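Chains here go by letter, A, B, C, D and E, matching the order in which they are written, and residues are numbered from 1 within each.
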Amino acid sequence: MTISLFIEQIINGLIIGSMYALVGSGIALIYGTMRVLNLAHGEFYMLGGYLVFLLVVTCGVPAYLAIPIALLAAFLLGALIQRITIHYLLQREGWAFSTIAVTLGLSIFLQNSALLLFGENVQSVPYYVTGIVEFAGIRIPMQRLLILGVAILTIAVMTYVLKATRLGWAIRATSQDRDAAAVVGIPASRIYLITFGIAAALGAIAAAMMAPIYAITPWSGLPILFKGFVVVILGGLGSFPGAIVGGLLLGVVEAVGVQLTSTEWRDVIAFALMIAVIWVRPWGLFGSKS
Amino acid sequence: MAEAPMLQVENLNVLYGDFQILWDVSMTVGAKEVVAVLGPNGSGKSTVLKAIMGLTPVRSGKIIFEGEDLTKVPTHEMVARGISMVLERRRLFGAMTVRENILLGAYHRSVNKDIASRLEWVESLFPILAERRDQIAGRMSGGEQQMVAIARSLMSRPRLLLMDEPYLGLAPKIVSQIAGIIQRINQEGISVVFNEQNVHLSFGVSHRGYLLESGRMMLTGTGEEMIHSDVIRRVYLGV
Amino acid sequence: MPNVPSKTLLRVDDITMAFGGIVAVANLSLTVETGEILALVGPNGAGKTTTFHVIAGVHKPTAGRIIFDDQDITFYRPDGRCRAGVARTFQITQPFQELTVEENVMVGSLAYHRSIADARKDARRYVGMVGLSDRANVLAKGLSTGQRKRLEMARAMATRPKLLLLDEVTGGVDQKSIPGLIELVKQLRREGLTLVIIEHNMRVINELADRAIFMNRGKKMAEGTPEDVMQRPEVVELYLGEEVLHG
Amino acid sequence: MFQPLRPWQWLLVAITLAALAVLPLLSSNSYVLHVLILSMIFGIFASAWNLVTGFAGLKTFGHHAFFGIGAYSSALVALHSGLSPWLTIWIAALIATVAGLFIGLPILRIRSMPHVAIVTLGFAEIVRITISNLQSITRGELGLWGIPPFESFTLPVLGEMKFSPADKAGYYYLILVLLVFSTGLITLLMRSKSGLALVAMRDAEDAAESLGVNLTRHKLLVFGVSAFLVGLAGAFFGHYIGILTPSAAVGPDLMILVIAMALVGGLGTLSGPLAGALVLTCVVELLRDLNDLRLLIYGAIIVIVVMFLPKGLATLGPIVRRRFTYLRAPTTSPAKHL
Amino acid sequence: MRSRIFAYALGAALGVTLATTAPAAEIAIGVIGPLSGPAAQSGISMRQAYEAAAAQVNKDGGIKVDGEQKTIKLIFEDSASRPEVGVSAAQKLLSRDKVDILVGDSIASSVTLAIMEVVPSFGKFAMSGQPVSIEIAKKIQSDPKRFANFWKSSFNSDAYAQAVFASTKELIDAGSFKPKSKKIAFVVEDTDYGKSNAEYTIPLFEKDGWKVSSKEVVALGHADFYPQLSKMRADEPDMIVSIFTSVNSGIALVKQIQEQGLKSLHMAVYYPIRPEFLAGAGSAANGLLWTPFFFDPVNSAQHKAFAAEFKNLAKVVGNGDHAQGYCEMMLLLNNLKAAGTVEPAKLSEAFAKSDTKCAIGRYVYDTELHTPRIGADYIPVPVAQIQNGTSFAIWPSTVATAKFKPAQ
């Protein structure tokens, strides 16, 4: 194994990890603002993938148009789902369990709706860009660099939104102290709605970028959901920056793990890492104890 | 009274589940008045303020502000009606900077204009906050945090400011500083309702007071009237 | 308690309780004599509840020791303290919602009885003692606050404690129910129980407590009979302020 | 639940049992028995999960791990050691218990429900992938076959108990016995001092602890018992179906199915999960021709139940009962019990 | 209320069972296969092929059984590729629908193994469809009496292994493939199909002095092979064997091998048989070796004729799955005709003696394993190479339409 191949593995890990980060950050945002564990998050990813597939492959819309449309659709779907289910449950006693249960039901429902609508065929989308970048023995296709670029852009935009916009302040304020936010005039229920939509859209971005290299099937949400869970546990449940770092870390750990053992043990490594982290630092590797 | 007071609270009953906190509580606040809500702990002082702000659901009773019934108005609409609140123990957005915390006070669309002049006004009241603007709010001292919390609540230029235990947990020197700030705020034409356990401290800045015991209104009057009342000694000291 | 020789039941020895950087209780020592009712009083944030929790075993003190009935119980968990003879009630009542009143009390009885039948019989007695017999088979979620307070006392009594910690017996209770609750606490004392209470209503304290410890900012400020403590200049000042004292 | 059963309740239990016992004599149709056998396997699984989640309030999502561990352990031990399945199902249940205690320990430390949900899910995934990867032992996704069936024997009145796909009477009675055993065990546990302690712990953990309830011991106890029963159900499943694959015996689908059953029947009740298992297994079989719609309906059922019937079918119970009470005995006001 | 719901559910379950039995003039054949789930695409192809074969026979007036002319009625049940679902389906077909013959599973080996637990005790004849796992044959062999009436209609999984190994060996012997270090890498799918095929291929190569440099098992439908391929670039294996049922994985793999610039000889098992493969992989597929190339409607006149006929019958364009499925059902129906009865023992006798020619080859049975023989004279398992976007058979020589061309 040469150094350059090792570096290539790390870069590959970071690229895939950046997608885990997007999915995980959606889970983290939802948990951070409304303390809901969204088991249907994988389905946002899956539906995002199908939307892009429908637009790009079936309708022939160029990718740069298709992806924003898919994002918008995912946003609306996420917001709708929040409004008709979570919104009501949050006002009930014992909502922590009933929200988990309802998202579980939604997950199965959406999975099988996709199955009815799109069939069980494994779908994928052609590369958005072609060509390969090669330097010092490292080969990386443009498509993968594009993924990394989009991930960086998305994270930058999200960071900007959270740090520097009215909406972002409202989201951060609501997640830190719901009452204090209400007192300064932030309507929590609308923020919840928007946060759910944004989280769904983050899943859809990941799906759109992964569509050319990962399969889209009605079941493709589940493995990515599990990855998202590992990410948020690593980063500290509810922390956006934690999820980003957790995602990248998981990507690299998996890449190195495949190198050292074999692909079949990759997910075991991920879950074992997660359980170890929960055992030692339940608040996550990067979160703070409180 | 010639005209209706600014704020009228009528026969408020508040329950947490089955646990009744307030029993038929009524009070009024006039324009440009500072009113203290007194009582030992557990008497329901905080709940009165929270109920006015809509943070605690009201079982029965009415809250009328400037002639409008606010009983059913959600908390996040209160700033638009001209009421703002400083929560107990500051409740800052601890991971955000001082500046972010203060600017969030002008979040609501109805007050989200002339931000610069609002900020200038608030920072003129609290010069120290202008210096500390980029500091993370959660890492400041209690007194500084209280100033941030008050500054935040003033950004909406309220006509009525509710302050829940503004002195709680602060060193005596800081307490007198905060008392001075309450007077400054009042001088700006803002009515203030705050609660405090210590009778002396309360009347240092307030025009009038209300005394609560176990969720019931026991007494009202000016500081002078109340301090010499036996009721207050009985409520506080049991004698 | 004239015919019981005075004996120290609980000794809290120089405890400090810090949460992160915040010191809630600092170097507090106190003793509770067998058969007495001790009240913890003081303003908000004085550290009463923290002290209470340290005695009940919810928090492990950062420093100091707790000696109960000649055992060091500093590191006992709450269930261990219960078996040692410390029982408590909660400020915000914590009934077992889906259990009936009788079953709620049985949970306490089972700390003492092995068989469920014995526990039921035993529980019935305590339910009767607190005056809830007619509600024995109602789910606890159907009780009023006053009834829940009574239920918690019955539940705690059923563990046959030597020391009972009462957190706000009259909080949130309507005026009419207060005398009944006071009477109940008096009755518990007559049964030979030692009590530590936190209470905001001073009239209740005056009526119940033999002794009071006034706390402020995590420290003990005064100790004595309730009337005495509440007359101390530093206490009056804390509540009413300097001017009142002189004016 | 902690009251002694009333005569009419005993009667109901007796009638149900008698009806279940007589059924194979009336209909030898093995398909009907097959559906009922599956219902009972899931009934054990769902009520054991409910023991942990509904009664003790530990919301776990990884119990399918114990099902798979039970199924594979019993099959493998019977295959390699030559021991009779009559024995190996109990060995397997014990192995599942050990696994349950193993994962129960870290869960005790965590009070946050989402963390518990994620950890248990992750644990089950580890079990599934491991079983799938240990191909030389488990044959992975190809499926472990050749699992010995239960040996048949002859009973005095009922005749020979055969364990064959065409004559399922043996399987039927065995799982019925196991179901009665499991329900009995759960009922006894719940009606004992521990049961009271568990419900107390669920409703108000701090208060229970202050009354002398040892939380650690009780949490481990329910986790162990629950894993034991789920492992037992899994072990039976293996010998009954005759082939095990990781996705069928440890797949997340299985857990979803069981959660749906418990939710539909009503969490925190003794009969709810059994009822849910029966109803949903029958519904699934009736919906067989709908193919893809099956799981769609499942998902919708979960959503609807959580939204509108938070206590499952049991929500409907009091409504009916109240109406009857009202009709029969208008002197006692139903409102008093609210 | 609750008990009323039970009563309804139970009653309904019981009620349906009394409803249906096949009319006398029909032979009911129950078919179990994946109509939903990940393998549904192949399962649906099989269903179309079976229906086409049955339609063909019914058009010719059906089959004379026990002296009476009867038509064929197929009843399909979904297995979703899950053994326990397959068992339920078998239960239903055998006891509720009372089918005369059971075919299943049409695709999944694990479901077949599960169905085998059920069928014998019902005393019906049964046949599996495409499943190739050698475990099925082993199971038959392990209890010949119990499985006397269970027959496979597809060869054993070691057939692919044999084809992969033998064709490679032939290429080496001919000097057109020169392995440097005799290292071989496997990328296989986490299904019974992928894993068992690898399991049979590996020993053949190892016995011949090859070393397995890596064996990567990926999830069904997996499509990101960068970590695996980077690893292989370090190992530099002479040959890569990939085994997937998911075309998507296959397309992704050949594209990414091209991106990574791997020069190893690449042998694919199964997935290029699907028509979508070439469309998806495009030029990246050039030079790829693959097996089993059963169906070649471009270069084989016989297959061209079958394709036309099938199009006519099923109204869909035939592919390799269709060809196999059609041949399997025809085999069953021919043997039924020969036996003249649905009685299992007689049918088994007919199977043992069968010698039927069909589009994909000649069916002659290994009577011990209940498995069709493979080889040039029976069913060939041809290896093809994709040259300029078209598959050409290159092995065995009896069916070859082109010669191997080394990659440039």
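The rule is short, and it goes like this: a residue touches a chain if its C-beta (ideal position, glycine included) is under 8 Å from a C-beta of that chain, and two chains touch if they have at least 3 such contacts.
This structure is a prediction, so every number in the text was calculated from the model and none was measured.
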Any chain in contact with chain A as well as chain E: D
Computed distance of Cα centres, chain D from chain B, in Å: 55
Centre distance in Å when chain A and chain B are each reduced to the mean of their C-alpha atoms: 42
Whole-Å separation of chain centres (CA-atom averages), chain C against chain D: 43
Inter-centroid spacing, chain E versus chain D (mean Cα positions, whole Å): 37
Sequence positions of chain A contacting 2 or more other chains: 115, 264
Two or more partner chains touched - positions in chain B: none
Where chain E touches two or more other chains, by residue: 36, 190, 217
Interchain contacts, given as pairs of chains that touch: A-B, A-D, A-E, B-C, C-D, D-E
Residues of chain A touching chain D in the complex: 31, 37, 85, 88-89, 92, 94, 96-98, 100-102, 104-113, 115-116, 222, 226, 229-230, 232-233, 237, 264-265, 267-268, 271-272, 274-275, 278-279, 282
Contact footprint of chain E on chain A as seen in their complex: 1-2, 5, 8-9, 12-13, 16, 115, 119-124, 132, 139, 141, 144, 213-215, 217, 219-220, 223, 254-255, 258-259, 262-264
In the complex, chain B residues that touch chain A: 53-55, 74-80, 84-85, 87, 91-96, 100, 103-105, 107-108, 110-112, 152-153, 155-156
Residues of chain A defined as touching chain B within the complex: 166, 169-170, 172-173, 176-177, 179-188
Residue numbers on chain E that touch chain A, as the complex places them: 36-38, 40-41, 190, 214-219, 221-224, 226-228, 230-231, 233-234, 246-249, 251-252, 256, 259-261, 280
